[in-house]
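Each structure below appears as structure tokens.
Shared between the two complexes below is chain A, which pairs with chain B and chain C, respectively.
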Partner chain A sequence: MDFLQTYGFLIVTMLQQGLLGLSLYFPLMAGQLSLASPGFYAMGGYIAAIVLTNPSFAPWREALGGWIFPVTWLLSGLASAVLGVVVGVPALRLRGIYLALATIAFVQILQVLSLNLSVTGGAIGLFGIPQAFGFVDRWQYIWIFLPAVVVVLLFAHKLQGSRVGRAFRAIREDELAADAMGIPPTRYKVLAFVIGAVIAGVVGAMSAPFLNTWNARQGTFDASIAFLAYTLIGGSRSMWGPLLGGALLASLPELLRGLADWRLVINGLVLVVASLYLPQGIVGALSRLRRKTPPQRPTPQHQAALGETP
Partner chain B sequence: MTELLQNLINGLAIGSVYAIFALGYTLVFSILGIINFAHGAVFTLGAYFTYTLVVGQFENNGLIKGINLFPAGSPFHGSAWAFAAAALIGAVLSGVVAVIIERLAFRPMRSRGADPLLALVSSLGVALVIVNLIQILVGAESYSFPGDIYGDLKPALIMHVGGKLIVVRSVQVIIFAVSMVLLLILGYITQRTRVGKALRAVAENPGTASLLGISVNRFIVITFFLSGFLGGLAGTLVSTAFSVAGPYFGVAFGLKGLAVIVLGGLGSIPGAVVGGLVIGLAEAFVPAEYSAYKDAVAFALLFVILLIRPQGLLGRVQIQKV
Partner chain C sequence: MTGHVAPNAPFAPMDAGQQLLQATGLTRRFGGLVAVNNVSFEVRRGEIFGLIGPNGAGKTTLFNLMTGLTPPSGGTLTYQGKNITGFPPHRVAALGIGRTFQNIRLFKVLSALENVKVAQHARTGAGLLQGLTGRDRAEERLVDERAWALLDLVGLANRAGEEAGNFSYGDQRRLEIARALATQPQVLLLDEPAAGMNTSEKGELTGFIRRVRDEFDLTVMIIEHHVPLVMNLCDRVAVLNFGELIAVGDPASVQRDPKVIEAYLGG
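Presenting the complex of A and B:
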């Protein structure tokens, strides 16, 4: 029990950040780099925080009791899906870095809105969010986040073997060819984007009670890049990569606690070194060790970068 | 009418800094096809370099607090020329830092043929390192330049037009003039000199450029130096108009720079200028009662332009080949 008292918060945070890393994994399955997750995460958290604290939802809370928490997950998931379609349909005509930039803009716009609306508590945010299911210790959130991780992993596993998963892969490898084979790219790209959005939104709704307070710092550009780092450093070609990356990078500040002020400097160095030495991510490096395949010929990266069309 | 004129002046001043800052992004993007997120940190660094040279003392916090690096009587005290020299040295140092960043964080990745997206992460790692080193060394407080850095120039020109006041701050005029001169010089370098020709060749196709005897790596270094120089100078200019607002103030600016380059067209030099001015003006014309939403303007423009004209205002359409 002592162990959970000390490290429970950290373990739950690792699972939570792993889930957020996974929210980038689904769009990436279809070859789309979306950095929109922090926007949906923040929105999901705000929806939960408003339902759980705003006086106008008091009758709901009384009527539903503990069921109010799953209801907030559902609401946030639905809202994220709707917003995901609204944003995704126009934005997913863009590719590569252009899509990434559009999604960064989306996150920024949501952040400015949340800083200025009264329902989101402005710059102060919302606080005093009740603990889910009357939990008394933070580690108990493991009963929410662990099943969520398992569900998402099972879903990813099922998806990979399915028709939709094959369509995602086909689009990732060559969108034009996929289109020619009768796979409508836009529909599948939006689907992949919406799956990521729903995961991020629901994780936000689960996290609001966990963190007790919710404000505009939850959905920032820094978070966009953090989630991207989870995915790339963990490995973007396997569902274990983002989970591992999220868990490891989320625990890094805790591991480096002794370094005090230098912690964030080291954190930055880790990002640099990992991107230099683990280009396939940790999972990619591990599986390469196991298979002992000869190293791949370096691709002309410059051409790859310029080959993107907007 | 007067309001319009006042907004125009404010918008052009801030927009011209956006332009030279964004040029740093766009130069690197046009050569390497990557976005260097450390550019915002270099911007911050430029402001801190100049502040160190001019004032030489950080008071409250950090490892080097209270050390007077440049005591009164040292060359950077007093006259406007001393400040100009300090700003120039600050910009050169920022350029050097950008070259070091290229050497440590970008070149190894290039030689391994890593995914260009990884450059986003590694350059952001570099930004984290720089920003937090600044915080450790001099603390998180914001500092203001002394009022007399521009010598005995009047702080503002106040005009009466039709019974209303128009205020033109001297800083705004200086910012605008310096930015325009820099843009002309940069335009001359890229369009009229051999170095510029080589730079454009590398941007067009590094493989062919290297076959033609152009040392690609050397020109990448030059690009990063120019980019850091422009970013650092933009940092100094902005902080003289407002203040050196803590280690993180380049990050928000860096994000706006992204909006600027996309609006103008990624990789397009005139595009960065037009984009900077458009966003500066758009922000200046946000009515006072909606000023809290001012920061969203750049991103709303970014989102809209990507949807209706993804290549940006002045960018070239790239045709995807199978």
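Presenting the complex of A and C:
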């Protein structure tokens, strides 16, 4: 257990940052560069922190016991979905860098709100958030974050092979052509955005007990850029990219601890080198080495598939 | 799932020769330029309708107006008796008007197979939940089979897994036709399908379009510069010049029309 005592916090942080990287992956599947994740992450954390510390929720905590934690995840997920639709419908009329800027503005608005509201504890934030499920060590959060990573990866995998996943990819490649082929782009862009928002929100709710305190520093412009770096380094075309990028960049400061102040220089160098030499990210470069298996033709069950209307 | 029909499935088919599409006073201005000026015509069910005219005459703009990619500045478009003016492209596609693009707009990094699968979107209905729980299996199977059958039709099944962007010009044009057919259209709009093809490919294309029309019970509208192909293939031809419709009729009489001769040789 010595290893976990020393590195448990780091491992959990790597998983957590990997999940946040993945929250950018879903909008990117549909070609949308959204940097709104820190906003939803911060909001999810605040919802959990309020439910877990505010006196007005004391009856909830007594009645639900340990179940209060999954309930905070659920609440944060729902709130993120609703806010995701409200923000997504107007914001997704913008494209490319303009969408990125609008989503950064959204993060800023939430940050200013949290600094000024009393329910969020203003500049001090909320502290003394109880440990989830009575965990006594930080590494035990692996039991929350590891299954979360598995669930998100399974979700991404299933999504990619489905009708909705195909619609996302078509929109990413050519929105106009996708539209002309019968795919309503707005609906799917909002859906992709909301999926990313829900993941970020739930991760926020999971992180509030893990970090013990929650304040306005959780959802900042810096975080937007950090999450973007995860997908750039790891690669945005595969679900493994943002996960790997998040885990790697979260571990870098720790791995380079011996280099003291030089570690920030190395951190920056890694970013520059990766964007110069790995335009598709690490996972993108690796997958080019792998030979693709050609698609298998199904054995026909329906004769004359063309004449048939499904 | 197999029995699922998209909410805006095509209308019931009508008899051959009946009017299927009607444009009335269709107009599109871009600033001071009138790209399509007060154009009226009808397309009859089952025919191959050619659209010709010099460069910049407004042919592609007219296609864009008909498929919702460009909203008209004026006029109406009626399809099977329903006013579809101003419908967004995905609704037009769902109603049964499919198209290809002059400047090929395949999903380049997707495989040929995926390109043809994607285009079946409006004819299928599996949502996020069905996809996640595997309840889309029957539908997916049908989508897969149909995609392979369409690749067979255009002779690209042996390259199903290749990225569409790697295909030759002619193959990309064929793949685009397969993708348009995957939307299960009743009307197929082909924007210069022979562009970039060599002479023998052009020759094959005539037979191919006829075959597709018969096999899928289609009405075809085609923009083409290659005059022999148009004269050989089309039942009727419309001629656009500077955004205005100057002649409509059977190929032989259009070819003799003095206004058409002037547009091509004089002007």
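Quick note on the criterion: the second predicted complex is superposed on the first by the 289 of 310 C-alpha atoms of A that agree within 3 Å, B and C clash if a C-alpha of one lies under 4 Å from a C-alpha of the other, contacts with A are read in each partner's own complex, and residues count from 1 in each chain.
Note that in this section a residue touches a chain if its C-beta (ideal position, glycine included) is under 8 Å from a C-beta of that chain, and two chains touch if they have at least 3 such contacts.
This is a predicted model, so every value here is computed, not measured.
Enquirer: Thinking of the overlay built on chain A, is A:Leu232 touched by chain B (first), by chain C (second), by both, or by neither?
Expert: A:Leu232: touches chain B, not chain C.
Enquirer: Which partner reaches more residues of chain A, chain B or chain C?
Expert: B
Enquirer: Per the contact definition in the header, classify A:Met181: touching chain B only (first), chain C only (second), both, or neither.
Expert: second
Enquirer: Between chain B and chain C, whom does A:Arg169 touch in the aligned arrangement: first, second, both, or neither?
Expert: Only chain C; A:Arg169 stays clear of chain B.
Enquirer: Same chain A residues contacting chain B and chain C, which ones?
Expert: 176-177, 298, 300-302, 304-306, 308-310
Enquirer: Can you name the residues of chain A that touch chain C in the complex?
Expert: 155, 158-159, 161-167, 169-170, 173-174, 176-185, 191, 292-295, 297-298, 300-302, 304-306, 308-310
Enquirer: Would you pull the chain A residues touching chain B in the complex into a rising list?
Expert: Per the touch definition, chain A meets chain B at residues 33, 90-91, 93-94, 97-98, 100-102, 104-106, 108-109, 112-113, 115-116, 176-177, 221, 225, 228-229, 232-233, 261-262, 264-265, 267-272, 274-276, 279, 298-310.
Enquirer: In their shared complex, at which residues does chain B touch chain A?
Expert: The touching residues are 32-35, 37, 104-105, 108-122, 124-129, 131-133, 135-136, 206-207, 251, 255, 258-259, 262, 266, 292-293, 295-296, 299-300, 302-303, 306-307, 310-311, 315, 317-320, 322.
Enquirer: Considering the complex alone, what residue numbers of chain C touch chain A?
Expert: Those residues of chain C that touch chain A are 1-5, 9, 67-69, 88-90, 92-94, 99, 101, 105-111, 113-114, 117-119, 121-124, 126-128, 130-132, 134, 136, 139-146, 148-150, 153, 157, 160-161, 179-180, 182-184, 215-216.
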